[in-house]
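First up is the structure itself, then whatever we jot down about it.
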Amino acid sequence: MNPEDRSKLMFVAAAFALLALYPLVGGEFGVDLATKIMIYAILALSLELLVGTTGLVCFGQAAFFGIGAYVAVLLSPQDQPASIAWLLPASVAAAGLYALAVGALSLRTKGVYFIMVTLAFAQMAYYVFHDTPVGGGTDGIYLYIKPVLGPLLELDGALTMYFVTLGALVLVFGLLAVLLRSRFGRALAGIRVNEQRMRATGFATYTYKLAAFTLSGALAGLAGFLFAVKDGYVNPEMMSWHLSGALLIMIILGGLGHLRGALIGAFAFALLQEFFKAEAIFGDFAKHWHLGLGLVIIVSVALLPRGLVGVPGQIRERLVGRASRRAETVEVGHGQA
Amino acid sequence: MDLASFLIQCLNSLQYGLLLFLVASGLTLIFGIMGVINLAHGSFYMIGAYMAYALAPIVGSAFGGGFFATLFVGLVLSVVLGYVLEWVFYSYLYEREHLQQVLMTYGLILVFEEIRSLLVGDDVHGVQPPDILTGTIALGDVMTYPVYRLFISGVCIALALGMYWVFSRTRMGMMIRAGASNREMVQSLGIDIQFLYRVVFAAGVAIAVLAGMVAAPVSSVYPGMGNSVLIICFVVVVIGGIGSIRGALLAALLIGFVDTLGKVLLPQAAGVLVYVLMALILLWKPDGLFKA
Amino acid sequence: MARLDAHNKTDTGDRGSEVLLRSQGITRRWGGLVAVNQVSLDLQRGTVHAVIGTNGAGKSTLINILSGEIPPSEGRVELLGRDVTAWSQPRRAQAGLGRSYQRNTIYPSFTVQENCRLAAQARHPHPWAWWQRADRCPVSVAAARLAAEQAGVQDFMDRPAGLLSHGQKRQLEIAMCLATTPQVLLLDEPLAGMGAEETERMLALLQQLKAEHAILLVEHDMDAVFRVADVITVMVNGSVIASGTPDDVRNSADVQAAYLGGH
């Protein structure tokens, strides 16, 4: 393993280790917040597969998240706990199925159209749950009894939920890291850089993109499942395009094209949100937290083209010169973790 | 549904479609000519509506003017706003990737929402149409229809004709169209492309603001209105074809009818119908109905 | 010796070698404009068939139709005996058609090795083996090495492709084309922007490749074309005005009038 890969691995390992230890110091609020952020990190990773790896800017990720969540609640029986063994796959499959349908249609379009079309399909899902009684309308629905895994696992406690989520995050991260260096992952990277060349070489690029889109939707559904079980409540706002927008900001803030960027971005964005919402700092003005957030978004997209992941490189560049930057941008087929 | 009700719904559809066209045309123009996806376009519509509400008393006490004076003041303000915004913010977006444009204009939406919240608050408001436009008018023997809604349709048609005239009959319009297809060439011909873009942008903003002001009496003024109209406008542009005004008109009318009649005939499915329509059209024509 | 045929067909039948790509009556209209008009040409193994013409003659459109990027309005394309007129570009590539582009379509952020390997992967895609590292795939790595050696870029395998010189990038473009072991090569201005030494190298490469492949060469460099081509087709405004050996074409009055400026 070359030094660059080793430092990336150590960074990620350290981050996960820190997360594993956090409950020792974090209070109830902190653990709950951290669980929520980790779920967003899984969502951000699912979007990174599409945007950063394949170059497909999807503005409708929240829909798959919401569907995973709603299915988890809708399929849970009222009077006894469901088994995670079938409920989790059902949520993931439902989200994946919707992603397959949306992808099959959307991938016929390109560029700006694709962005708008994915947004519109997410809105469609939003309205289905918002306007019809299917999901309890705007009030949402409650998950009264959380699912279990036989006698082994109950998801009632906050700490259990925390570690299950952390486990899921590590699994998803690992899965994507391996996937990105596989032939499939390299093909996606090639499609991002030059789809025309990939087609001229003989790759059926539509199929690859559709597979990535479906997988991404399925992973978002996994995040939705976790969210529904954590809070025991789902409502249509989970599918709002504000969440889709926030996810895009997370991965661009963290750094596109890097898995750890999704991780960093999710935490940075969520913490920024908490910062601007904090009445302790902003007093009354805290209710206008969107303003600070909006400005940060504008500034960070404008000034940090490579996201937070690229900051060490940007600093090094200023100090040392351009040579070190070239070394960082080389992909030797190891994928970018 | 009897004939009178059906005709009323048709007129409502027409009015809604025309209003959508007005807002969507700004969106498609700004993208077609400058290549910028502007998510904040819906915010201009919202700003227009809130202007109609907030400026009315000010214009009333300062100039003694009524609805039309407020419209005029709002129009002037919006042109200034558009000009300044392009200069200070949007001109930096032309060279950027679409994803960055999406995110930066998304940030702008948040900023606009909060500024509005700070200036005018988050309440829902109604706006009264001017006296000469209140009431209903008889249309043949069959029915009566609110005058103000006819006024809205009239304004939209007038503006649409105005846009058509500017684009196809004036030098300015010709330069704009040329700048859309070949920016460098236009610049090398000595035409100030930067000024041109600023004018186009200011016009796009003004049209959206005007649409919001004019629509305020029928749609009421509420915080989320910008976002709802934005997404429908996206659907209009996707269906119509990016950069195509003709497409925007056809798509807007189509959506106007599907949405309005849908709400009456199938209220629960109404929200989804528009997207189903979009999905069907995209299956048939992935690039929208018309090319730019 | 080949005959010049007034019906826009080339006829090199006496060679008796395998026709790998056959196109008949290729026509392409854009609205009222006819970009390509009833063009038929054959590509045989062991020959370099050059297509020359002024700008706007329809050469790019023709090559795009042959490679499958745009469909013809009329006409037929046969690859290795099969009718591929309705086939997509990836499908034709899988069947043995390789293409290089006028502008570089290399992946600048990947290494030269990865550029070639990814191209070679097309023939050995195995997308379901998600746990296996792509860069350790023996088949694609070996094919990449071979292609790189053929094209002469084997010394730069670890360098990011964006850092190569222009000539080296054009060589890499060819290497990527070769990595899928095609039988037919459609080369769109491979010499574009090259200096004298690089051009020599590329021409030598083409001579080498000729033996195993059928090569279509679209080029503007007349000296190079007359040196390396076995058959030359001349296009003006979408139609073929002459086709035959370099001597035939050089001596054709039509060609002299329309293109070479008269001698």
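General observations
Labels for the chains are A, B and C, by order of writing; each one numbers its residues from 1.
To be clear about the criterion, a contact is a pair of C-beta atoms (placed from the backbone, for glycine too) under 8 Å apart; a residue touches a chain by one contact, two chains touch by 3 or more.
The model shown is predicted, which means the values in this text are computed figures rather than measured ones.
Of all chains shown, the one whose average CA position lies nearest the global CA mean is A. Among the remaining chains, C is positioned farthest from chain A, on the basis of C-alpha centroids.
Chain geometry summary: the mean Cα position of chain A and that of chain C are 43 Å apart.
Look at where the CA atoms of chain B average out and do the same for chain C: the two points lie 50 Å apart. Centroid to centroid, with C-alpha atoms defining each point, chain A and chain B lie 33 Å apart. Interface of chain A with chain C (complex): residues 178-179, 181-187, 189-190, 193-194, 196-205, 208, 211, 326, 329-334.
Listed in rising order, the residues of chain B touching chain A in the complex are 31, 37, 92, 98-100, 102-104, 106-111, 113-115, 117-118, 227, 231, 234-235, 237-238, 242, 268-272, 275-276, 278-279, 282-283, 286-288.
In the complex of the two chains, the chain A residues touching chain B come out as 51, 57, 59, 105-106, 108-109, 111-113, 115-117, 119-121, 123-124, 127-128, 130-133, 241, 245, 248-249, 252, 288, 290-291, 293-298, 301-302. Against chain A, in their complex, chain C makes its touches with residues 67, 69, 88-91, 93-94, 98-99, 101, 105-111, 113-114, 117-119, 121-123, 125-135, 137, 140, 158, 160, 163, 176, 179-180.
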